[in-house]
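One chain, chain A, appears in both complexes that follow, with chain B as partner in the first and chain C in the second.
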Partner chain A sequence: MTNPPAVTLDHVSKWYGQVIGINDVSIAIDGGVTGILGMNGAGKSTLFKLLMGRIRPSKGSVRLFGTNPWDSTAPYRRIGYVSESERMYDWMTSIDFVSTLARLHGMTRSEAEFRAEQALSFVDLGDVLNKEIGKYSKGMRQRVKIAAALVHDPDLLILDEPLHGCDPLARTSIMNVIREMGSRGKTVLLSSHILEEIERITEQIVILHAGRLVALGNLHAIRAMLDKHPHRILIHCEDARALASSFIDKQPVYGVRFLDNERLEIMTKDLSEAHSILPALILESGVPIHSIENPDDNLESLLGYLVGDSR
Partner chain B sequence: MSRKDQIDSQGRRLATTVWTALDRKAGAIIELTVRQLKNKTSTWTVMGVSVLLLTLLSAFYIDSVRQGFESIDNDGDSVDFDGDGYPLGQEMKYGSSDYDDREYPGAAIFIPEDQINYWGVRTHSGNYTWDVFGPSKFIGNWENIASKYDGSGDECPEIIGEDLANTPYGYSPFACILADNSLYVQFLRFDGNGTLAVAEGWNAEYGRTTESYYVAPDPPSAYIDEDGLDWDSENPSQSQGFDDDGDCTQEDYYLPTGNQNNDENRNGIACDVQWIRGPDGSVLQINKDEMVDEDPVDSELLGESSHRSFIVATGKIAFAMIIGIFLPLFLALGLIRDESENGTLHYLLSKPIHRGEFIVYRLTGYLIFTGGFVLAMSLIMAIITVTIGPDGNRLGDINVWFGIGIVTVLSLAAYGSIFNAMGLVSPKYGVYFALVYGVYEFAMAVMTLFGADLVPIISVSHWSLQMIDAIVILAWPDTIMLAQMATAFNLDSGLAFFWNPPVHTFGTGSSALAMGLSIVVLLVFITFPILIGQSIFNRREID
Partner chain C sequence: MIESDGAASLGEARIEAAYGSGDGDDDSSATVARPMQGKIFEQIYRPWNGPLGPRWVRNYAIYRHHVYGIVSGSGHRRYHPFVRLLLLVVILGSMTPILMLLLSTMVSDDATGFLNRMWGVNRYNLWGNVLGYFPRNLCMWPLLTALVVGGLISDDRRNGTSAIYFSRPVSRLDYAAMKWLSAASVLAIVILLTYMMYYSAAVVFKGEGWSFIADTIPIFIGGLFAGIFLVFTYTSIGIALSSISTSRFTASISFLGYILGSKLIAWLIEIQFNTTYVYMVSPYDCLAHVGQWLVGLPSNYDHPLALSVISLVAMNAASLAIFASRVASLEVTRE
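== the complex of A and B ==
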């Protein structure tokens, strides 16, 4: 018997009156970490609410491990969910919070407390677990939510914007947890609107835009397509003019533009190739450099390319 | 290895069945609910107000018990309305009016012979007692005119002339001496030998006055508790009672009041009391002739009756009506709605718990918390009343208080499930529905207290109060008798108002049946809104 995939969406649409949340999305996800990328309002939260049985699809079918989550709560025995909501029971300690939720999986009190302690240690909160959640920082609260989602060792972990608003330390910790889960063979879904965040965690992505599925697959493959597209590189330096001369007529650079005397913009059709020749050319020119930026290397540009938006 | 310790393919012990897992989930939600309620300020506010209310009621009760029961003039004949020093009871015996201070026991009585009419002849002469209504002039010798009226014996002021028609007058008694030494008089009685002239449009009576004699006034206390309860409980004959003060039989009455109907209960025996008993010997009804046993010794009878009346009133009003409605209003409405509004609902619903199950666990948690509070309060009240109540059936107190506690818990459950369903039907306006419904329930309870038994049947409070009525009679079987006595003998214990025999017995009069029916109806009131709430909640999309 083959096990049904963790997540299956078959031509799923969800609209709220005239507003479309998700438009004819079909995907199947099983195993590994998958990033759901999309701007605000792209349909990420709608997608997760459909998965969590909070809303019912207007069309199509949603299945978690082969079961419809609107009709049955059975799949949640194998699912951990971290919502984007920041509201928690502030009066509870984190061990209380996590073990109470663990007991909803039918664990005994002692079992639940043991597992909660493990889960909180796993997200690096082992030494503050008797403190009230209300006294936690944003990043700590986010990790408590993750611990609560992990406490029953789920096969599928769903995280809605888990890194949003977290300090760098918490980010690193959360990213480690997610990678660890992925490496243990669990299925992890996480959403974000920041390309760079996802890139640090996984290569497998789903891109949503205006409720539609616009890309699905390996981030690097998608990026490679994007790289062949006109790109800008912005260099802050001491002497833009002097530096500019080094780039003229060097493939794959096809244009140079001065923004002012300290900022130089280079146009290229192959971003990785351009980056590979950049260090040598800069060294050669001897012009001191402050920073190099890729203003087009973000989700908006990627989307602009994918949906053919002429930005 | 015992079967319990066997392990299945997924590594779970067989002891971990679906049912134990259900218990654990229920336990977790119930515990969470109780802890949340403990963390809410409004919880402690309503509970504090409830405790304060009960403390105040108990304080009043303890105070009244400490003072004992003062003798009350149940038939109201110890008062002296006209201030002549003779109480009403004594005036009745002598046939004098207690609304006229000229009439009192032994006072001279004016017996009119004829009168100068409103029209026709205006004068009359002779030796009479004159009773004058309106401006008049008397020529002759007079005596016994009440000297306390201003101006009597003095000369008349100039504005009063001999022309009676033009004399300015008020309507108060007044007399004075005119210039010709005749007497000007209005609205007065006096004795005199001579001629009286009365102004046109007015009249005067004339006649004789009887001799007066002295009667020592009775103290008012002689008319308090003067007609005690005469009842031989060992001998359930048809006729009981004795008219100790003689106001029914009117023996020793000098002028009978003319009350000849002294058999109001129509048993053919004048001035008696009929105690109607059930087959088991308990008193079901008391029919009495008026004025018999009507002013009994209060302290002998009021103690038990007032004690029960306090318990029933506190149980019905403070427990069933106030605590029973207000606790749920503050605590049950938001059981699920608040979670949803606070954005914490998804933590619970993303776990393997069915939404319908969740509602039941939430309500259970709420009920354990509020029900525990109510049962503790009723236990405390039981301890207070058992300790300081009069000697008697105090075991019954414990049963009644326990019953009141159970009734209130059932009301809490019913209102809890109703208000919670309202919160689910309309998260935004549910609180207004609940307020309106709370007022409706309160009104139905008040109607029930005042004896309505049909209109309020579609209300929780009606059946709660009904159940308390049934419990009272099951715990204290002689309550019917006490209530009948309170009504019949004017005992002001309140029992007859706060307690009535249960009405919904299908004519059997069985209190156990009334209680069973109340429980069934209350269970319907609990279950039905839960089902509605579940059906709404199951279909709701939670954004």
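== the complex of A and C ==
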């Protein structure tokens, strides 16, 4: 008998009175890192609350490792959860806090202390584990939460906006942790409303909008499917017109717009093909380049393409 | 010009920035800090293959976490040193009869002597050790309960820390039961353990034999049951009040207000209208009434014992129902 997927949502809907939280969402996720993307109010928090058994679906079923989390706490033995808002005991040291939570998973005292030390070292807090959590920075607190979620070696890690409010060092450390967990075959779900953040960790995404599932799968594949929409490449260079003359007759470029003498916008329907020919053409033209950007490479643009005017 | 290490010019720049003594154009200099040497961080994840304990191990962890805070800084809440001192005073206060027993033994006080009458083992003193109004049920037990139970749920409600439990394999029943049990144990240690110590001390200090024990053990057990009812009732009422509040002060003061206020009102009504029926709303008096029956003392109340029993059951049931309903809604989004 095959093991059930870590996360299964089968035609799940959730209404808060007249307001729709999640609308007929069906997904199954097992293994690897998956980013849950959506603007504020898209339904990310509702999705996580459903997974953590904090709310019951109005329709459909939620399963974690084949068990309904509303009815049983058994799946939580295999889950590590990092909430965006969850508070900690600020007067406790991180080693005390994480080992206390390890004991809530059923570890003995010595196991919990040993394992808490390992988890804190993994998130780069090994040298401050005897410091009170209240004295930690936001990034360090976030890492304590991640250590607490990892302490029992869960098979499924659910992270609600784990990078929110973190400094660059903490972000890098947390991203490394997430990637490492994914590479070990664990299932990691993380939410964010910043596409770039997710893109640095995983290409596997779920995009929610207004409670609906609008896209699911590989980020590049999703982008490629949107070929009826133009993609823009913004080039900041010394001579925009000279550079444009070398692009204008090339496939897959179908349009060029000058924002000013130094900024050029190229329109294409195949972003990866355009990027593959771009370096050679720039070299050929001999025009010095300051920067190349993809202004459509954000969640808002992606959503714009996916849901069109219905936003 | 960029200086990489110039303490003097850094100080000058600070003064200028602070007081604006220069216009900044005289000397176009800047100071930059030397970059710190970075460290190489090796991130190695070590999997855990050990077994995770069963439900009782997890429940014991919750229980321990709540009791441990009284003596250590790593428990459910940080007890203020003054609160800890008060708890110590209550514990020592509840053990004073043992000292008086020792004193009565040392001065060879006979069975009818003052010290022995006041602190020796008899029905009145066994009842009074648990249910005596002054100082135990006026000052010590309600204060102890208020200090221990006040923040038990309200702190979690205010800080959102209950989510820590519900994201783990801890059911709401286990969470509620362990919270209740941890508070009840602290009360039991202070109230019941010192009561048992008092009885044991009386036997040991006076060198009493089996006949004394056989004579007094039923009264002792009656008092013990009265103490168990008191611990149960005070814990239930206290934890219910804590569960409907987000402030430990409000919960504590409400508890003290209810225990002492209901007693005061009932007493005022008794002296005014010569009826004891209103004592039914006072948890202390219901317990005292039942306690008098358990140790075989004449009742101070005119109303039937059954009414006090019914009142006690109703108080406990209502408190536990409130507590259960509040815990069921913790961290659950309203629909």
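We adopt the following convention: the second predicted complex is superposed on the first by the 300 of 311 C-alpha atoms of A that agree within 3 Å, B and C clash if a C-alpha of one lies under 4 Å from a C-alpha of the other, contacts with A are read in each partner's own complex, and residues count from 1 in each chain.
Rule of thumb we're sticking to: a contact is a pair of C-beta atoms (placed from the backbone, for glycine too) under 8 Å apart; a residue touches a chain by one contact, two chains touch by 3 or more.
Here the structure is a predicted model, which means the values were calculated and not measured.
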Joint occupancy of chain A by chain B and chain C, clash or fit: clash
Touching partner for A:Asp124 - first (chain B), second (chain C), both, neither: second
Which of chain B and chain C A:Ile55 touches, first, second, both or neither: both
Contacts of A:Asn261 with chain B and chain C, given as first, second, both or neither: neither
Comparison of chain B and chain C by chain A residues contacted: C
Touching partner for A:Thr73 - first (chain B), second (chain C), both, neither: both
First, second, both or neither for A:Thr108, with chain B first and chain C second: both
Touching partner for A:Ser272 - first (chain B), second (chain C), both, neither: neither
Contacts of A:Gln251 with chain B and chain C, given as first, second, both or neither: neither
Stretch of chain B penetrating chain C in the combined three-chain arrangement, among 21-29, 57-65, 201-209 or 273-281: 21-29
Residues on chain A lying within both footprints (that of chain B and that of chain C): 49, 52-56, 73-74, 76-77, 79, 81, 83, 85-89, 91-92, 100-101, 103-108
Of all residues in chain A, those that touch chain B in their complex: 49, 52-56, 73-74, 76-77, 79, 81, 83, 85-89, 91-92, 100-101, 103-109, 112, 148
Residues of chain C defined as touching chain A within the complex: 41, 43-50, 52-54, 57-58, 61-62, 64-65, 73-74, 76, 78, 159-161, 163-171, 331-333, 335
Of all residues in chain B, those that touch chain A in their complex: 16, 20-22, 24-25, 27-29, 31-32, 35-36, 39, 342-344, 346-354, 541-543
Residue ranges of chain A touching chain C (in the complex, touch as defined): 16-17, 49, 52-56, 73-74, 76-77, 79, 81, 83, 85-89, 91-93, 96, 100-101, 103-108, 111, 115, 118, 122, 124, 150-153, 173, 176-177, 180-181, 184
